[in-house]
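Shared between the two complexes below is subunit A, which pairs with subunit B and subunit C, respectively.
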Partner chain A sequence: MREWAAKHRWESILIVVLAATIVVNVSLSPFYLGFGNFVNLFWLSIEKIIVVIVMTFVIINGEIDLSVASVMGFSAAVMATLYEGGEMAFVLAILIGIVAGALAGLLQGLVITRFGLPSLVVTLAGLIGFRGAARVLLEDRSVGDFPEWFERIGQQTLFGPFPVALVLFFVGLALAWIILERSAFGRKVYVIGNSADVARFSGIEVDSVKVRLFVASGTVAGLAGVLFAARVGAVQGTLGETYELDIITMVLLGGVSIFGGSGSMLGVVLALFTVLNIRNGLGLANIDGITQTGVIGLLLIGSVLVPNLARRYRLRRPAPEAMAHGPP
Partner chain B sequence: MTANKRRSRVLGPLVVVALILAACGGDSGDTTTTAGEATTTAAEATTTVVAETTTSAAAETTTSAAAGGEAVEITAGDSITATFLPKCTNIAVFPQANSGAEEAAAELGSDPAEFVGPADCGDTTGQIEFMTNAVTQGVDAIMLSNNSGDQLDAPAQAAADAGIPVVTWDSPIPSATGESVFVAQVDFDETGQVMAEMARTILGDDGGEFAILSATPDAANQNAWIAAMEEVLATPEFENLVLVETVYGNDVAEDSVTAALGLVDSHPDLELIMAPTTVGIVAAAQAMTQEGLCETIKVSGLGLPEEMAPYVESGCAPEFALWSFVDLGYLAYYVAYGIATEQIVAEEGATFVAGRMGEYEITADPTRDAGLRVLMGPFSKYNAENPGT
Partner chain C sequence: MTESAAEAAPKSTRFLRPERVKEATLLAIIAVSVLVFAFLIEGYLSGRFFNRVTTSVVVVTLLAAAQALVIFSRNIDLSVGSIVGVAAYLTGDFLAATGQGPITAVLVAIVVGAVLGSVNGLLVAYGGVPAIIVTLGTLALFRTLLSIYSEGANVLAGDLPSWVLEFNNVTLFTIAGFQVRLVFLIAVFVVVGLQFALARLRWGRRIYAIGSNPSAAAQAGLPTASLVFWSFVGSGALAGLAGFMFLARAGTISATAGAGLELESVAAAVVGGVSILGGSGTMVGAFLGAVFIDTLKLSLVRVPEVSEFWRDAFLGILILAAVILDTVLRNRFNRRWSAEARKAMESTGPSAVGMARMAGGGGGTADA
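For the complex of A and B:
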């Protein structure tokens, strides 16, 4: 136990924070403990946390994808525009929407690897560009009135009390966990994140891994955009705006280094649970939106400060273990 | 250290700084496309709209209602729990509306409703979370100014399924899904009529050129009002009034000033700027005052009396109109309380007495395909005789 805690410092801290959050929530609101609320807690942020899974890979790989929220909006806008045209089977419109997300990811991945440009800059352009495309497609309209079965996907339950998107999230999470921490591909993601040059000399196809991650990021963002549309029953050009911040916040809070090369899926899951529980608890306690934003902001500052200060402190002491960046 | 590592050393902190700024700042400057954002998006004044001017209005309503039998007087009973959910909490008119709701709660011996909502009006999906939480809390009633178009259908339906009345005010749920009744501030068609009449009063019978300075191009309520006004302008009585252009200041003070000055430059014969938004009307009056143009170009529209007082006095804005958000919140609370305590039923023809505001009737909403409406109305017009402050 103590050994595990020493090896997983950040995860241990998160467990304590999460436990404290739950205790505070229980004491603040009698409505917190309840199965319905537990489902709502995930469901209200489901699109964000689905994208968090893939963002974890991207950041561990030493890159960042600021365009995810815009790609969500773009995919949903493509789907809505095709649907509105009325010529096409809606299923096809959904698929094309998601493929549009994948292509957005592919384009950015290729620009980053072929031209050696920083992903921060390229995906910032993507953030602006794909949002612009979504706004151009939909102008100022709100497209809704989707077929009933589509809205049911977003709003009704599939297995027992779980909406489809929630099932997708947990299945995706399990798969991602295995791929990141138990597969050769996951190992490459860490190695590249630690040093792309070392990875290249070791014969790892760095560019290919990066492009595949950006395609995955675009695809998942596209899927999340479609799920968002199904959940709220309407698509606007602003769909998902600023979500990239919440998504990246959860990944960083999970102890994933913004410099790449380190972090664990467990940490991210704990961070995600913590953020969702804090939001839910504050909401149920009728704390206003401004304070909620403030609390999450403080949490973010803490999450980037603490690990970096700790790392600096550890690096000053010549302890060999301090250099170990990889997964457990 | 590798090149890649060095690069990320530089970029990392950049990202972090950007994130912190964004997370803490919200997006206050954002004028995102929001159905129904707007005149309601007033500026920073915090004083309360004087209720006095609308009491005469309520008296008029009293005489016209009462068709459907004895009106139920809503009286104090059990204390209820309720959520008062505005479009956002950072705009002056919404706390004003809440103060009206608090006044009503005090009269009815009930605990005040929880005043919660998104911090920023640009956050159109934020209301979903507050609605869902209110249902989880099992409140007795929800009072909502909808900022999310049809996106609140599902949570509003969930509330209805849980037996929680959803009373909308200021901005309804377009499809009326899950909604008990909409407490409308004014008739949206009447807004067009009132604006046209004010324009005629100011321009005189011989008429002249005027322009509209609106909020955002996609603000649903402003667009409905402008469309209604254009219909009125098409009638022979108003043929001398020439609408030369409609411009948008996005409900941002600086943008609105720029747009107003642009109008002056492009229309030399302009005599009036009509701004159906509390942000735009102040900006236009400021711009005309600073440029010394108040003698030739007047300003009118929808404005908060406390913000417009100096311009009424200077003659720059001879007349403008608005409804009281305090009264709107007060009436919304009475309706929600009446339904939650089963004193009234949300159905066509039901009549009731809401405290100091008098008698009202629930009718079908003529401005939507479905849904019920309680019409607060009418406007209060403010001018030199009735500055409203």
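For the complex of A and C:
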């Protein structure tokens, strides 16, 4: 136990924070412990946490994808526009919507690898551009009246109390864990994140791995956009706007290094639970959304700052000159 | 930049520094797009349009400068939009309560911005937390504090002293219908001043040096932590000034004022040729980036054939085109310089190589 905690410091901290959050929530509200609230906890953020899974890969790989929320909107807008035309089978419209997301990811991945551009800039352009594309398609209309089975996917449960999107999330999570931590591809993602140059010299096809990750990111974002449409029952050009910040926050809070190369699926899952529980608890305590976001922001900074300061303090006592990250 | 270097490489392209080429390219692109719009829109080239652009570009210009200042040292400030909101709201609140004049108001806004910037700076420079994490956090945090402070109430234009809303229209002089307004002149003054300081003063060169290679700068004995700290304070102060300009333009300020401006400021800087990896770019470039984006925004709305919804889609393509052009240009220059250096070595021996390289790249960017 102690050994595990020493090896997984980040995860241990998160478990403590999560436990504290749960204890506080239980004491605050009698509704918290019900199974309905548990499903509800995931339910309102389900699209975000699905994208969090794939964003974990992208950041561990040393890149970032700011465009995910816009790609969600873009995919949903493509789907809605095709459906609105009335000519096409709805299933096909859904598929084309998701493929549009994949192509958005492919385009960005190719630009990043071919020109050697920083993903922060390319996906910032993507953030603005694909949101623009969604607006071009839908202007200020809201497209709804989807077939009944589609809304059922979004709003009713698949089996027991679990809606389709939640089942997808857990299946995706299991797959992601296997791929990231138990497969050759996962090892490559870590190695590239540590040093793309070293990876290249070791014969890893760096560019191909990166492009594949951006395609995955676009595809999953597209899927999340479609699921969002199914849950809400309508698509607007603004669908998912500003979700990227929440998604990236959850990944970084999970202990994934913004510089790439380190982080674990377990950490991200714990961070995700923590964020959802804090939001849920604050919501039950009638605290508004903006304040909830502020608390998460504070947690994000604190989660990196506190270990930094602790390390500096520990290093300072035996040998003052051994400070690792201090000012010169 | 010595005489002997110029002699060693007489055909040096040192006058064609990449940042000058970038600025000239952007200026040409702006000119071309204005001409295209003039062709598409009737009565486009009027004094009124000039006045509208020069008034509306002020906020983004100041924010692009704020953003560039921290990007030069290989950091980023995603909280500028929230700082604009807080500074605009608090300054408005202060003016509504006290009815003070413009100079006090500007000072209040700048101090509010600088204080918030110093929070970012402390955490980044002395806390060892990456800038993107800190400012992603303070983006939310500053906004939350504002929302708690405001309790959902707005600063109303009617409660402000009457000079505030006139401030935007104060015209210093008019040339053939083109009004040169005070707010625009302030923005230009800030940009030119910062450009000069960053290119000529010691701390400016040091900021570029840190952005070029942080660990080399620290090894060379530069006070990296305090330089980074002060660049965040400066960035916050500029965002605070932008907050005042926002107040003067909008009058009514809600708790969500300025949201989303952080991405616009990054976009303006990047289009203006500021490298997101630090160490390269100019304030004038960032300013031109802001002017271009703003001109495009205000013009596209008036083209009858294009729906206004195309604006963001265009903007995305544009940013991508700008950064690709930037990379292609830089690779060209690097190749050219290394060829020159090789030639210089063949003719005069190895000692001239360093000089030729300095002659080519030592001027405006520290990364060549």
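FYI, the second predicted complex is superposed on the first by the 303 of 328 C-alpha atoms of A that agree within 3 Å, B and C clash if a C-alpha of one lies under 4 Å from a C-alpha of the other, contacts with A are read in each partner's own complex, and residues count from 1 in each chain.
To be clear about the criterion, a residue touches a chain if its C-beta (ideal position, glycine included) is under 8 Å from a C-beta of that chain, and two chains touch if they have at least 3 such contacts.
In this text the structure is predicted, and so the values were computed from the model without any measurement.
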Exercise. Looking at the overlay, what does A:Q155 touch: subunit B (first), subunit C (second), both, or neither?
Worked result: first
For this session: Considering only touches as defined above, state whether A:V232 meets subunit B (first), subunit C (second), both or neither.
Result: first
Exercise. So, does A:G132 touch the first partner subunit B, the second partner subunit C, both, or neither?
Worked result: second
Exercise. Looking at the overlay, what does A:V111 touch: subunit B (first), subunit C (second), both, or neither?
Worked result: second
For this session: Could you say whether A:L44 touches subunit B, subunit C, both of them, or neither, answering first, second, both or neither?
Result: first
Problem set entry | Which superposed partner A:G260 touches (first subunit B, second subunit C, both, neither) | first
Exercise. Touch check for A:I301: first (subunit B), second (subunit C), both, or neither?
Worked result: both
Exercise. Of the two partner chains, subunit B (first) and subunit C (second), which one does A:F31 touch, if any: first, second, both, or neither?
Worked result: first
Exercise. Between subunit B (first) and subunit C (second), which does A:S12 come into contact with in this model arrangement: first, second, both, or neither?
Worked result: neither
Exercise. So which bits of subunit A does subunit B touch that subunit C touches too?
Worked result: 118, 120, 140, 237, 245, 248-249, 252, 258-259, 288, 290, 293-294, 296-297, 300-301, 304
Exercise. Which residues, counting only subunit A, touch subunit C once they are in their complex?
Worked result: 111, 115-118, 120-122, 124-133, 135-136, 139-140, 237, 245, 248-249, 252, 258-259, 288, 290-291, 293-298, 300-301, 304-305, 308-309, 312, 325-328
Problem set entry | Contacting residues of subunit A [partner subunit B, same complex] | 29, 31, 34, 36-37, 40, 44, 62, 64, 118, 120, 140, 142, 144, 151, 155, 195-198, 231-234, 236-238, 241-242, 245, 248-249, 252, 258-260, 279-280, 283-284, 286-290, 292-294, 296-297, 300-301, 304
Seminar exercise, completed: Within the complex, subunit A is touched by subunit B residues 2-5, 7-9, 11-12, 14-16, 19-20, 22-24, 26-27, 32-33, 35, 83, 88-90, 114-120, 122-126, 128-130, 132-133, 136-138, 148-151, 153-154, 217-218
For this session: Write out the stretch or stretches of subunit C touching subunit A in their complex.
Result: 76, 123, 125-130, 132-134, 136-141, 143-145, 147-148, 218, 221, 223-226, 255, 263, 266-267, 270, 276-277, 307, 309-317, 319-320, 323-324, 327-328
